Structure formats: structure tokens, C-alpha cells
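Two complexes, one shared chain (subunit A), two partners (subunit B, subunit C).
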Partner chain A sequence: MPMLSRLQWAISLAVLALLLALPFLLPSFWTGNIMGRAIVYGIVAMSLTFLASYGGFISLAQTMIAGIAGYTVAVLAPTAIPLGNHWLPYWALIPLAVAAATFAGAVVGLIAVRTREIYLLMITLALAVGFSLFAQSNIDWFNGYEGIRNILGPDIFGYPFRNLYVFYYSSLLVATALYFLVLYVVKTPFGLVLQGIRDNPRRVSAIGFNVGVHRVASFALAGFIAGWGGVLITFYNIGITPGSIGIWATVNVLVMAVIGGLGHPIGAFIGALVYTLFDTFAATIYDRDRFNTLIGLVFLVIVLVSPDGLLGLFRRLTGWRTGRSVATETMEEKT
Partner chain B sequence: MIEAPRRKPIANPFPAPAGKGIRKQKHSTNEIMTASQQSNPPPAPDAAVPALRLEQVGRRFGALQAVRNVTFDIARGERRGIIGPNGAGKTTLFNTICGDFPPTEGRILLFGEDISRLKPHLRARQGIGRTYQTSLLFTGLTVLENLFLAVRGAMPNRLSLLKPGAGDAALAKARDLAERVRVSNIAAEKIDTISHGQRRQVEVGMALASDPKLLMLDEPAAGLSAGERPELVKLIQDLPRDLTLILIEHDMEVALPNSDIVTVMKDGEVVVENTPDRIADDPVVQAIYLGGAH
Partner chain C sequence: MSLQYALTVTLNGLTLAALYFIVASGFSLIFGLMRTVNMAHGSLYLIGAYVGFAVFDPLYMNDATYSYAWYIAILAGIAAAAIVGIVMQVAFLGWMQGQELRQALVTIGISIIVADQLLANFGGSPFQFFAPDILFGPMEIPFVGRYSTFRVFQIGVAVAVGVGLWLLLNKTRLGIMVRAGVDDRQMLAACGINVPLIAVFVFGLGAALAGFGGVIGATAQPTQLGIDVKFLLTSLVVVIVGGMGSIPGTAIGAILIGVTEQWGQALLPTYSVILTFVIMVAVLAVRPQGIMGRPD
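Entry: the complex of A and B
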């Protein structure tokens, strides 16, 4: 269906243009604390959505993996408080942090390589909680409960990362690149095999692919994505604490992904935006304690009304049938 | 005399450059082989080594002995039928050969090489292709993508991170396969939207994609209507004669005409092995089939 594909392209470009114009249309609070925040958390949520949508794996370790990138940046940042014994310039530090997250993703994939469904959830959740507790108890590197502050991020073209526009456009650039990376990868043999594992791992090995290696590789790719999110979140928060990667942060990212819809990577960003809006404004309407009740209710309603999230709801309301995979469309275009 | 194998044993270090996957070039391929063997020390492909040898193969599931003490050879190019009542252990025997459920006893030799302990994907790379009694396809992908992956799985660079381009060889081969198993008209459809009969055809296409040396079909016509059956039977009949084939088929009218030798299984064991014309008259077989197995 090339027409739909072209329509999707047109919509993507329109949305991108809107996102580019947004800082000039919105008050700065909206650009940074709503849109910017939704984008950086959306990246982590997308790493979860990627594994869920194409591999059928629900991993609760993605926030933890983002946290590994975040802590790598924080521990070695030149401006860190408390400052460690070693530090690196940001141009070396950011790739190192993303590499660490990629590696951590592969390790998680390796640990969970034989588990599925509820067991996969439990293992990844245990890893997430374990790492957060470790960070909390480790004073030497991670500064324990307090975490590490004053992670200002690099200067870009002479402007500090704290500059609203620098932060917003950098995050948008990274998110867009990763989003299209996912859409590309799922059309490659690597991505098609991942979808094959989702549908039928037994057949995947029967045609000659090593399912275990493939799973580990896709967790590594998801780790790479989450790593970028972790770096940007650390800059957004100007630091990192064990609480920011703990069980509640893990649940929040899961909520974002599910609210948006696990069927397509864009759902992660939609969910992150909705979540951020509620998180920001519900607290001003209600008091803080009731916020969790509210977001819990919203979550419940969305999951009950539309198990495939807002994206699924939108598809049903507009009658858009995107049942066919992205990969087929390109294959067809070439036919 | 048995026809010379189209593909050489796995150990042959002199792969013929031409003819890989191109069946028409069989004769020229053999000429190239002969030429290269004359100029080099001959690692003669031993025609006496059977395509498949089962030595006292058994498989237990807990207390259940699903397959017991199965021993037989399948010659190169042979078509072997396996029949027997439900629960006889036919599918389990396939699973021990392809590695999904490796044997708990005995040995399996593929062209003389012990594969009993290999993982399924490595056995697939050694040249085993199989179908499943209940279709196991990638339901979220299209027919063409299913076949494309099956082709890729047999290629050395199977895991590319590049999108297949217009001239992609694997994609072209997947299209040929779709043609061959008569699903090219639905190549762009997702598996979960096509009919059961079409899925059975894709099943066979998936197994053929690697140009297997040993093809195992597990009740390929299972669940097909009388109208759909002939198409699939024709598909089996049209398979190249030099391909080694094991066919599990409950329906004697499909099994017998398509087999050189028929093995009858019951309760996990081989009870009779004979040529198709004698099988139908065998008292043991008659007892099984008249004994209410249907």
C-alpha cells in the first residue's frame, strides 16, 4: 500500500515541521518542561516499545539501562558534584555512556535469553530494582541516596546545553534519528527476524537463525536507544539519583508506553506527552498525592477502552488500517 | 542405481561455483565437480553413505516414550513415506531429526555426520528443511517476507542490517519460491489474512527455501479440503527427483504413490518397512488402519 506509506510520510514531515516550529509558538515552559521532557522520556519508552512491538518482549529493565548511561555520564562528567577522581570531556563521555547502555542491554538480553512473558517481566524488574538499590547503597562512585548533581551537559556551538533551544533541538534531533532508525531496522533482515521471533521462535531456528544471539542483539539495540534517553534525561534533570531510575521510574516508563500504544514506536512519544501533561497539570488541580490515583485511573481507562493504547484508539476511530507491516510496503514498492 | 546427489556432502571442500540453487544446471554442476576432483586429491562423495541414518533413536517426554529404538537408513534421493495412527510418534521423530526435541537415546547421522547434539539452527544450516503439521509461520509478516527470511536463513550473511534493495538476490529467490508454491498472487498479504490451504503451501515454500538436502514434510495436506488437496499433491510430485524426502502422511492415497519405501510406525516404534505396493496388503498395516485409527 504505497499510498498509505506516502500519507504516513506526509504526516511525519508535517509533525516534524510542527515540532521544529514549536519553540517559537509556545511559552518556554512548554518547550522545555512539557515537550522536551516528553521527548527524552519518550526515547526510553520507545526502547521498550521497540522490543515489545517487534520482538514480543516486555522488558522492565529499560529505565535501568537508561540509568546506566545516566550514571556513566554523571560519574565522569567534568562538572559533577561531587566530582569523581576521573572525568572525561562530553564528546567522549556521551558515546561512552551510550556504549555502556548498549553493553548493559546485551547483558540483560543474555540473562533473560531463555525467558518469556511473565518470567521475562520478573527478571527484568528484578534487575531494575537491583541496580537502583545498588546505586543507592554505593557511596564511592554513585554518591548513594543523594546521587550526583550539576550535570550540565556539553556546549553546542558555544551555547550551553541548559539553553532551552539547545536542549529542545538536540533532544528532538536524537529522538527523530532513533525513531527513523527503528523504522529502518524493522525492514532489514535483522528486524524481520526479530518479528519472526515474536511470531514463532521455533520456525526461526528451523530456517537457520540463532534465536538466542538474535535476542541478545535486539536487547543491545534497545539498550543503545535507552542509553541516549538516559543521557538526555540526566542533562534534563541536571543530575541523577537512585530514585530517578528506581521502581517508580520503571513503572512510569511502562505506563507511558502502554498509554501511547505498544503497536508502533510513535506510541511511546504520544504516551510520554500525555503522561507529562497529566504529571504537570494534575498536580496543580489536585494535590500531589492524588496525582498517582488520577494517572492510575487514566491508565486503567485507556487500557480497558483500548488495550493497544491511544494509537490503537485513534486507528479504530479513523478507520486507519495499518495491519500490514512497514517492511512489506517497501518490499511492495520494489515489486 | 541411485541418481547422483545434486548437492555434495557437507564435508566436500570443493563447492561447485555454478548451480547453487539452480536445479536446471544439475548436469553441468556435476561436470564441474568431476573436473575439480581430477585435478585435486579426491574426497570422493561416498554414495554409499546414506542421506540419513537413524541408530536406535528414542525420545522420552517424562515417563512417556514417544519414540523408541528407531533404526533405519534413507538413501540419497530416496522418497520415504512414514505412516501410522495418531500418536505413533511420527512428528516426534521429525523433531528429533530437526533438533526441536533432540533424541534422548541413539544417534542421528546426516550424510555420515553425527548431528544428534546440534542445535536446530545448525542442523538447518547442514541442509535439513522441514514443515510442521500445524503451520508455524510468521503471522505478523507477509507471505513474501516469510519466504524471504527462509531464504536469508540459509545464506552466509543472513543477518544484514541493510534493507533489501530492488535487486536483492534473496528477495528475487523468495519471489521464485512464491511462484513455485503458487502463492505469488498473495505474496503481499499477511499470513493471518490468508486461507489454511495457502498457509500449507507457504509451509512447503519455507522448507524449500534453503535448497535442503533433506526435506521433511509433516502431513503437508493436513486439514485441506478435497478441492485444495490435488494442488498440494502436485507440489510434492513436482519436487526434484534427486531431493531426499521424508513424507509423513496419514492419507495412504497421498503417501503410497509418493514414496519409494514406506515405514509404518505405531506406539513409537517402527512396525513395518516395505515398498508401497506391498504395504497396502501387509496384515499389520491393515490391522492398524482397519482397527479404527481414522
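Entry: the complex of A and C
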């Protein structure tokens, strides 16, 4: 089975070309603070979408896992304030952080392996909040409430990571690679078994596949994706605080994934972009201080009107690819 | 470590567990009947506390009414949370019964809005109720010494709530209907019982318990925005550990978490949060359905 149809390839390449050209078409504020930000948060949201779409798990631990990668970089970074001056360079730290996130993802998968659906949501939320509370109370490593500052990121070809274009293009590269990785993985035997488990775990295990191992592996892969997002977010924010991985950050990533649509990985980036646009322009739409009410209402309306997000809405309006979407199915299961 | 210290820490744990039980029993009740994970449970706690305080403050300032201000605040907190809970069930959750994830997402949306609106209307500064004179100040407890009367009273309230729920669920016609609904919702509806109406009642009751907990909790210690997260988290962990939908399980979970939290803070301050999660993970590994939960 091919990864994408010819039409989908054409659209993907056209979108990619547009994204590559954007920094030359838009003011620099848009490149960094809207497109760049949407891309890095979209990566974390995509790790959630991947689990939801192909595994049927709504995991709220993805922000926490991104935070583990972020803290790994921050704690060991050469430029960190207040605990810097470590000898590991950034290029060694980034794979280390992603490995830590992958491992953390597998651990979350192990903890949650025997639970599904709503229990999984609760357990992963409890883990996520627990980790941010821990980071907040731990001074020795994580510098407590204040977190760790001045995480500048590596220089690439002599340019600092803080450079708008370096940041934008590296984030775009990572996001594109991970996006196609997800599309590739779900067509591999592993991905197909995973989708089989989502639809009917008992049948898949009757054929002889180990359901638990596949679930844990899917969480590890989601951890790998979230880890990249976590590293880039930490560079974007020039540091990390417990608040940036707390319950509201967790909920925000869920909001992005749901607004975009849990049916396909691209939904995560669409959702992240919509969220970022609202966040940036709430002041002109409604009231800057009441941004949360606004985004809460948008989220509520989406969940009430179109449980499979903007993507599902678009599909229904245009008749693109008929058939029930995965997210709707997951949500309406067991009625 | 002296005996007095050990007893004080344990008593702190038990009084905290009492508050956790009041709040989490509402969460567990709602989950038990409707399989709805109410992510806005912490918000209902805050609504109880804030609305209660808005009623309490002017009454307490007035010499004529200050003696019963606290009792009115309790009623106001309960009523506010129950009304919001009933509106949530009737307007949003009732008609999507069975779509558990969608319901959880809806309640997350509501909790975002509620937290923001509370901030807009009441501001972000912390506040605390003054307990009525009879519960104010310390009392003598053997081996422990002077201890806050109100915190002891909290244990009494939790026991009363537990007994009340037990009586309601086991000794009344309504309780029979609720328990039958937990076991088989469709059969109950087929017997001619108005299940959606019972669901509204149970949601209102669960929300009322959260609001009640809000006023009690804000009397024991200062309350501010953000504490909704703590109580949502605690409710989650307590019912995961104790078993979903089981009132005795909720009591066991609350005592386990409350006492562990206080001992953790006394012995290893920075790592006490982790202890709670170690308990949760250990219980999940051995009994995924929780200590008193029934397997699916």
C-alpha cells in the first residue's frame, strides 16, 4: 500500500513549498511567533494525534514527555542559568533528550498498558500534573518554580539558533521529517497491527500478536515525537518552567489536537496554527485578558459540533474521502 | 521523632483525607452511574468556595448576621456548584451519554472557561472563611496536644457524608435505582424508570459535594485559583486507587493518599508528590480496577 496517493503527494509538496517560501512572504513576526510557534507545538500535538488516531489512546502525558526532553536539555545545557557550564555540547544533548523522552514514553505506556480510553486519559493526566508539581518542588535539579533560563540552542552553520530563519527552517525540517515518519510507520506491519489493536485487541491477540508490546512501542514512538517538540519548544522559549508543562499546557496541546482533528496527523498542525492565531489576535477579537474564555468556547463548540475537529468538518463539507473518521469512531465507541 | 509528632502528622493526614473524601466521593458518584469523567470537578470545588465567600463576606462584616454567615455560605456554595453541575448535565453531557471521551473533553472546555471567568469576576487574591465560633480555635486531644477544632470537625463531616451516601444508596428507593443504573442502565430504563432524570440528580449531588468541599476546604486553609487543579488531580488519584464508583473505595483511597501526602511532606519534602504517584502506579500494576473496584 503506498504511503500517499498521487494527489496527496502533490498537495503535500505544494504545502511544503509554500511553507519554505513563507519567511520571504510574511513579516518576520509571523515567521517566528506564529508559524514557528505553531510548528513546534504542533509536533507535540501530533504525538497525541498519532496515539489517538492509530492507537485509540488519548494520552495527556505528551506535554509531560516533551517537558522531560526539555528539562534534559535545560539541566545539562552549557549556557543554562543558574546551573550552567556543563561540558556536553548541544548537538550531543538533543539526541540524549529525545532518547530520554522515548524512554519516558515507553514508561508511560507500561504504566497505562492495561487501561484504555477514559482510564488512560485520567492516568496520563495524573502523571502529567504530578511531574509538573515535582519539577516545581524540586530545587536541586529543576530550580523549582523559576525553572531554567538561557537555553539558547546550538549554532547551525555558524548562525545562532535564535536567528529567526535558523529556528523556522530547523523546526520545519524536524516537523516534516516526523510527519512523514508517522505516515510511513502506520503503513508498516507494526502500524497495521497497531490499528488492528485499536479496532479489536482481542482478535489481534488471537492471531498471535503481543498487544501489550505494540501498545508500549507506540507510546515510545509518540515519546520520540514529543521529545523533538519538547527540545524545540525549550529553544523557542529560551528555557523551561514547571508552568510550561503544567496542566494548562497539557490541556492546550489537547485543545490544539482536538480543534485540528484527531483523525490525521496534519490535524495537529492545523490545530496548533488556529490556536496560535487565536492566542495572538485574541486582543483584537475579544479581550486579551479573557483569552482562555475565548479559546475554551472555541474548543467547546468544536467538541459539540464536530468531534473530529476542523479536519472532519472540512471532510464533511467537501465530501473528501468518505467514510467514518477514526476519531469519531473512538469517541462514539461503546454507545 | 516523638510520639506526639507522629500522631500530629497522622492526624493532619486524616483531616486532609476527610476533605479529599468529600470532594472525591462526588467525582466517584458521577463516574459510577454515568461513566462521565468530570474534568470540571475541581472547577465545581472552586465555584463552591468563591460563591460561598461572596455570600459570606458581607454577612460576616455585619454584626447582626455574622454568627450564621458561615452556615449560609455552606448552603450558597452547595447550591452554586449543584446548579452549575445540573446545567452541565442537562445542556451538554446528558445527550452525549456513552461518548465518554467527548464528555471528558466537554468538561475540560468548561473548566477552562470557569477558571477564567472566576478570575475575571473575583480576582486572583487568596481568601479564607472564618469558622463559626464553636469550631474556631484549638482543642485538646490526648497525646497530640492542642489541635485545630475545625480540622477535627472536618473528619466528622466526612464520616457524616460517607454514612449519608451509604444510607442514600442502600436504604432508599432512589438509591436502589442509582445502583441498578450502575449495573445496567438500559435494563433500568426498560423498567420504566426515567434514567436521565436520575442522572441529573446524581450529577447535581456529586457537584454539590464538590461545592461543599470547596467551602470546608477554604475554611481550613486559604484558597485561590489553581487549587481546582489540585483537587481534580486528587479526585482522579483517589478514585483510581480506591476503585471507580465505589464509596468505600473512595474512603480507602482518600485515607491512603491523605496520610501518605502528610507523611511524605514531613519526611521527604521535595519528593512527597512522587509518593502519591508511586501508590497510584503500584495499585494500577496489581489491580488496574483499583482497590475496591470491580473488573470490567
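Please note the rule applied: the second predicted complex is superposed on the first by the 306 of 335 C-alpha atoms of A that agree within 3 Å, B and C clash if a C-alpha of one lies under 4 Å from a C-alpha of the other, contacts with A are read in each partner's own complex, and residues count from 1 in each chain.
Basically, a residue touches a chain if its C-beta (ideal position, glycine included) is under 8 Å from a C-beta of that chain, and two chains touch if they have at least 3 such contacts.
Since the model is a prediction, treat every value here as computed from it, not as a measurement.
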Touching A:192, do we find subunit B (first), subunit C (second), both, or neither? first
Please indicate which partner A:317 is in contact with in the superposed arrangement: first for subunit B, second for subunit C, both, or neither. neither
Looking at A:25 after the superposition, I want to know if it touches subunit B, subunit C, both of them or none. Which is it: first, second, both, neither? neither
Looking at the overlay, does A:184 come into contact with subunit B only (first), subunit C only (second), both, or neither? first
Tell me which partner A:200 touches in the superposition: subunit B (first), subunit C (second), both or neither. first
Just checking: does A:125 make contact with subunit B only, subunit C only, both, or neither of them? Give me first, second, both or neither. second
Given the touch rule stated above, what does A:209 touch, subunit B (first), subunit C (second), both, or neither? first
Which partner chains sit in contact with A:247 here, subunit B, subunit C, both or neither? Use first/second/both/neither. second
Using the touch criterion from the header, give the chain among subunit B and subunit C with more contacted residues in subunit A. C
Subunit A contact set shared between subunit B and subunit C covers 330-332, 334-335
List of subunit B residues in touch with subunit A within their complex: 98-100, 119-121, 124-125, 130, 132, 136-142, 144-145, 148-150, 152-154, 158-166, 170-171, 175, 187-188, 190, 193, 206, 209-210
Interface residues, subunit A side, partner subunit B - complex: 184-185, 187-190, 192-193, 195-196, 198-200, 202-211, 214, 217, 323-325, 327-328, 330-332, 334-335
Complex contacts: residues of subunit A adjacent to subunit C: 58, 111, 114-115, 117-119, 121-123, 125-127, 129-130, 133-134, 137-140, 246-247, 251, 254-255, 258, 289-293, 295-297, 299-300, 303-304, 307, 330-332, 334-335
Touching residues (chain side subunit C, partner subunit A) in the complex: 35, 37, 39, 92, 98-102, 104-106, 108-110, 112-113, 115-117, 120, 229, 232-233, 236-237, 240, 244, 269-274, 276-277, 280-281, 284-285, 288
